[in-house]
C-alpha cells in the first residue's frame, strides 16, 4: 500500500518498553512485544489490566508515556492515529464507536474514501458490500448505525477496520457476549482474516476464540506482562488461570473485617427502623423492557429482591447487566414494565428520588467525582443528614476502609483503582441505604483487593444489608449470593440458588463458552 | 505620558479587572456547571444596574450598601426562568439553550427600552467622582470600592462552592450529572440554583458598573463579550481563575490603553484572549482540559 | 442516500437546478420591485444559513463567527471595486479573502472543541469588529463608500440568485459526495474517524473554508447592496444571530430549514417593522417558543404535517 | 455536542423549495396608489440610538399631523392628506437599507425622511439616490454627509462640523475668558468624531494659537479613559474638548472628577447635548459646555412653544432634535406642495428651491444639498441647558471656571 519495507525479516510490529501512566495509575507499564509477520497474538488478562490501553497505544489513539513502537521497520511512535491507520494499522473499540448517524455502508465508505479519495464509486461500493457480506451485516447496509444493537455494532467495528485494508489488525473483545454458534462463525472469520492481513492482535475473554485462533498468547495484569508464549502452554499455567479466571481467593473472609462488621451494622440496620421482616419484597421488576434509542437491551426482566437477600446477576458482556442496574437506579427510563419499590411502581422517578428511597448504586466504573476530595465524595451521598449524623457515618465508613481516612483530603481520582472502588462502596453506604446495587465492582482489580472488597461485602451482608450484585466474576458472586440470576441477550436465562447454579453446566456454556 | 499616569492607569486597570471578574463570574459558573452559553448575561447585568438605580431613587438606599439585596432580588427574579425555559431543553445540545437565552436577551432589551426609555443612565454617587490617593497613586474611589466588594463576593462564592453541601452537589453535577443523581443529588434543582447564583453575581457587578460608568438598555452586549473572554481565559467554572483572569484582562487592557491609546484597550484584551485560546484551549490557569 | 446516488443522478440534479435557476432568472423580469427586494433578501439569508448549516449540521462546528466573514467579504468587495476592478473580480477577491481568514484562524479555533469552539469564534468576530472600528486605513468606524454605481434591484436579485445557486451546488457536492461522508464521520466521532485514516483537521478545514467563502460572498453582496460598509453594521453580531435564528426556526439540519427560516424571518421583519416596540420582543418570543415546542423547527412541522396528510389520504 | 443530523436533501423537494421562494417573491403585494400622499421614514426606535429616534418620530409626526389638520397638500389641484409610514431600523444600517427599499418598493412612498447619524442616514440616502426618490434628513453633520458622494436626491439640514468645532474658540475669544493655552482633545473615532476632534479642533486651535497637548481618539462604545485622562491631567491643560456619544461622555465626566482633574473649560460635544446627560450626572454636569443649533429661546416662529408641546405630549424632556426633525419634515412637505405633484423628480426640484425660515431658522440648500444651521454654545447649569454664546442669542451667562 505504501512504500514501507516488506521483507519478512523485519517483524511487522515491535513495541519496546511501552508505558502509559495516568497520574498515579500505571495503565501500561514497561510492556514490550514483537509480532512477526503472519502471527496471531492473543492478549488476555482481567478487565482493566490495561489491554485496551495497549491497543490504544499501538493504534495511536494514546500517546505512550515512554517506549517506542516500530511498524514494519518504521518508527511510528510520534505519528497520530490517522497516519498509522494509513500505514495499515486497523483497530476496533471494545465499546463500539460507530458513526452513529451514518448508514452502516457509509461507515465503511468513510474508511475507503479516506484512503483512496478518487477510487471509483462502484469499486468502493463493491468492496464495502463484500466486507459487509463477510461480517454478516449485508442486511443492515442502509440502516443508520444508531439502529444496531450492541453485538452488531461490534461487528461493524470489525467491518470498518477491514474497510481500511489493514496489514495489522487489532481486535478488542469482538467475541464478547456471543453465544456458542456465533463464536464459531467469528472464529472462522478471524482465521480467514489471519490469512489476508500480515498480523493480528486479539484481546479476548472468550477462551475458545483464544485457543482456536491465537498461536501466541500474552497475559497482561496490572499493566505488566505476566506471561507470554504458545497459547496452550500459557493457558495451562496455574498462575494465569488464577489471575485470569479470578478464582485466586481463599473462600474464607479475613478476620480484620469482623471488626468492621459491627460498625457496618450501625450503618445499615438503621435503615430498617420498624425491623422489616426478612423476605418482604423490597425491589420488584415486572416484565421490564429498556434500551437506548432503537437498540433494545432489556427484553422482559422479572426479578424480585427481598430484604436481607443478596442477589447476584451474572452474564456475558453486553447481556444487559449494567443497563439493568441503571434502570433500577432510575438513570434509564424503562420503555415498558414495572419497577416496584416497597410494592409501589416507581417507573419514571428520577435517580435522586430512587436514591432517597434507600436504594443506592455503586456504579460500574466507580464514577468518582474528580473535583471532589475523598471526604467530599462520601459526604455528597449523605445528602441532608445532620452534621453529627454525617460525621458518624464518615467514621463508620472509615472504619471499614481505613485507607479512605488517610486519603480523605486527596482528590477522589488520585487514588489507585482499588482504593477508588472502596470509595465508591463507601459512598454508596453514606446514604444509609437499604439496598445497594454493586455494579461490576471487581472490574480490573487485583485479586487481593477483590478479596478485601468482597470481605467487606460479606460483612455488609452479615450486617443485614440487602444487595444486588452485578458481576463478571462467577466464583466470587456465587460465594456471596444466596440467589443468582444469569442474564443472556437482555433476559434472564437461568435462575436459582447459588448452589444450584454453581454446578449447572449451562452456566459455563453461557459464560465462558464451552471449554471443549 | 509620564510614569505617574502609567502607574495610575495600570493600578486602576487591576482594580477594574476585579469588577469585570465579578461580572464574568456568573457566566463562568453557568458554563462550567450547566454548559450554558448564557447570551442573556449582559442584559441580566444591565437589569442589575437598573435595580440599583431604582433602589436608590425609591428607597434612597445606597446601591453599594444594598448590593446583596440587589443580588438576592435578581436571583429570585430569574430562578423560575430555568425551570420554565432551560430545564425542558436539557440533553438537546448547546444551541437550543443558547438561542433561548438569546431570545430572552432581546426580550429583556426591549422591556428595558419600554420601561426605562433608551436614555443612558448612571447611578449618581459621590464616590464615583472622587479620587482616592494610595501613596503616590491616584485612582477613582469607586474602582477601589468595587474591587474590594468584587473580591469579597468572589471569595464568598468560592467558599459556598468549596465548603458547603450545595457546593459539593454543584461540583458533582458539573463533573458527572448521572453519578450525582444516582447519589441522591437533584441535579435539576442544583442547576436552577446555579443559574440564579450566576444572575445574582451579574446583577451585583452590573450595579457597580452602573455607578462607575453608565448604562443603557443596549449596553449589555459588550460586557457579555468581555465576560466570555475572561471565562475562557480562566477556564470554565473555575472561580479563582476567573478572578485572576479578570485582573489579568483589566491590566492588559490598560496596558493596551497606555501603549496604543484607549481605543485599543478592549482589542488588546481580546487579542490576548485569542492567543491564549490558541495555546491553551483549556484556559490560562485551569490545570485540566474540559 | 449518498451511497447509491449514481453519477447520472448527480448530473440530472445539476441540470434540474440549472433549469430552476434559469427559470427564476427569466421570470425575475416580471417580478415587482418589492418582490425582487424581498427575494434578494431571502436568497442572501438562505445562502448564509446553508453555509452555517454545512459547518454545524454536517461538521458539528457550531460557529458564532459568521459576522467576521460577512464583514470581510463586504469590505473587500468595496475596497476592490473602488480601485476600479469589475464586479466579478471583486467577488472573487471577497471569496478569497474570506477563505484566507478561515485559513488564518483555523489553527487557533480547531484546537477548541465543543463549547470552546463556539465561544472562541464569538470572541474572534468581536475582536475583528473592534479592530475594524479602530483601524483608520480601512475607514475606522466611518467605513468605506462604494464609488461606482451599484446594479439595480433586478441586478442584485440575479446576483443573489446566482450566489444561492452556487451555494446550493456547493452544498449538494459537500453533502452528497464522499466528502460529506468523511465530514460526518469526523462530526460523529473524531477519534474513531482518525482510527480509520481520516485526517480530521484537513476535513474540518475544508468545510470551514467552503462555508467561509459562501459567507464572504454573501457579505460582498450585502456590501454591494448598501453601497457603504462600516464595522458596526457589517461585523455586528446581528449577522451571526440572524443566521442562527433562521436555522433554528427553520429546523436544524433539515435542508428545507434555510428556505422556511429565511422566509419566516424576513416576513416577520416586514410585518413587524411598523411596530418597533413589539418587533424584537416578538422575534425573541417566537424564537423561544419554536425552540421549546418545535425542536425540529418549521421544516420539521411541515414534514410531520405532510406525513399526517398522506396518512389521512391513504386512510 | 449533539446537533440535529441533516437528512440529505432530495432534488424535487429542493426545486419546489426554490420555486416557492420565487412564488413568494412574485406574490408579494404591489400596493395600489391610495388617495393619500405617502412619505416614509426609517429611524432608530430601538438599539443604541433609540433616544434620537423618539425625537425624530415626534418631529416627523407633528409636521405631518399639522399639515393634515390644515387640510393636507394640494396636488394636481386636489387636496390630499399625507400619510407618514415609519419603520424601525434597530440602529442597524443594513435594516435602514432594507426598510428604505421596502418603503419605496412596497409602500410606493413618493419621498423619504432620513434617519440619524451618518451611518444610518447614508444607508437610507444611498437607496433613495439609487431609486431616484428625494430624501430630506436632519441629524447628519454636513461635512460627513457631503463626503459620501455628490448627492442628487438626498438633502441634509444640520450643522456644519467646522462651525461646531470653532464655536468654543470663538466663544473664548469673544467672552475674553482667561485660561492657559493648552488644549486636551478626546474624541470618538465615529464619522463626526473623526471630523470634529481629529481635524477641525486641532486646526482651529492652531489658528487661535492654542497648543494641543494631547489628542486621543477612542472607539465609540469605549467606557474607560483612565490613561488618557491621566495624561491630560499631567499636562495641566485648562481646556478639555470632548466629542463622544452620551454613554462615554458620562464616563469621561465622572473619570475626570475621579482622577481629580479640574480643567477650567470642559466642552463635551454630542454626548452632553441630551437631558439624560445632566440627569445621569447631577451636579457634575454643571458648567459643561456643548454646541447646539436650537433652543426654545430662539426668535423663530413656533420656537417658544415647540418644546412645551413636546413635553406636554410625550411627558419627556425635550431636545433640540425635535426642531431639526420637524423642520426637515416641513421642508419636504412644503416642497411637495410647491411642486403640486407627487412626481419624485418635481418634488426633488422643489426641495432645491427651498428658501424659507423654519423653527430652526432660515433654510437654504447649497450646491451640495446641505443647509447649515448656525451654532450656539449652551452650558449645563443646575440641570438646565443655558445658551451662553453668541451674545445676541444668550439667555444666561457663562459659568467659569468649571466648578
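First chain written, first letter: the chains are A, B, C and D, and each begins at residue 1.
Note that contacts are C-beta pairs under 8 Å (C-beta built on N, C-alpha and C of every residue); 3 or more make two chains touch, one makes a residue touch a chain.
Every value quoted in this text rests on a predicted model; they were computed, and no experiment measured them.
Novice: Given the touch definition stated above, what is the smallest step count connecting subunit C to subunit D?
Specialist: 1
Novice: Quick check: which two chains are joined by the most contacting C-beta pairs?
Specialist: C-D
Novice: By CA centroid distance, what chain is farthest from subunit D?
Specialist: A
Novice: Once you find the CA centre of subunit A and the CA centre of subunit B, what distance in Å lies between them?
Specialist: 43
Novice: Which whole number of Å gives the spacing of the CA centres of subunit A and subunit D?
Specialist: 71
Novice: Just the number, please: Cα centre separation of subunit B and subunit D in whole Å.
Specialist: Spacing between the chain centres: roughly 34 Å.
Novice: If a residue has to touch 2 or more other chains to count, which residues of subunit A qualify?
Specialist: Each of 101 in subunit A touches at least two other chains.
Novice: Touching at least two other chains at once: which residues of subunit B meet that condition?
Specialist: Within subunit B, residues 92, 94-95, 109-110, 113, 263, 266 contact more than one other chain.
Novice: Could you pull out the residues of subunit C that touch at least 2 other chains?
Specialist: Residues 1-2, 56, 62, 114-115, 130, 134, 184, 187, 252, 277, 279-280, 295 of subunit C each touch two or more of the other chains.
Novice: Assign the assembly's chain-to-chain touch graph to one of these shapes: line, ring, star, complete, other.
Specialist: Here the contact pattern is something else, fitting no line, ring, star or complete shape.
Novice: Between which chains is there touch?
Specialist: A-B, A-C, B-C, B-D, C-D
Novice: Which part of subunit C faces subunit D closely enough to touch in the complex?
Specialist: Listed in rising order, the residues of subunit C that touch subunit D are 1-2, 12-13, 16-17, 20-21, 23-24, 27, 30-39, 41-43, 46, 53, 56-58, 60, 62, 114-115, 130, 133-134, 136, 140-143, 145, 147, 149-150, 152-153, 168, 171-172, 175-176, 180, 184, 187, 222, 225-228, 230, 232-233, 236, 238, 251-256, 259, 263, 269-270, 273-274, 276-277, 279-280, 295-296.
Novice: Under the stated contact criterion, what part of subunit A meets subunit C in this complex?
Specialist: Contacts found on subunit A: 59-61, 80-82, 85-86, 90-91, 93, 97-103, 105-107, 109-111, 113-115, 117, 121, 124-125, 142, 160-161, 163-164.
Novice: State the interface residues of subunit B toward subunit C in the complex, per the touch definition above.
Specialist: Per the touch definition, subunit B meets subunit C at residues 31, 35, 37, 85, 88-89, 92, 94-96, 98-100, 102-107, 109-111, 113-114, 221, 225, 228-229, 231-232, 236, 263-264, 266-267, 270-271, 273-274, 277-278, 281, 290.
Novice: If we count contacts the way the header does, which residues on subunit D are in touch with subunit B in the complex?
Specialist: Touch residues, subunit D against subunit B: 1-3, 46-51, 53-54, 91, 189, 216-219, 221-228, 230-231, 233-234, 246-247, 250-251, 253-255, 257-260, 274, 276-277, 279-282, 284, 316.
Novice: Flag every residue of subunit A that touches subunit B in the complex, lowest number first.
Specialist: Where subunit A meets subunit B, its residues are 329-331, 350-352, 355-356, 360-361, 363, 367, 369-372, 376, 379-381, 383-384, 427, 431.
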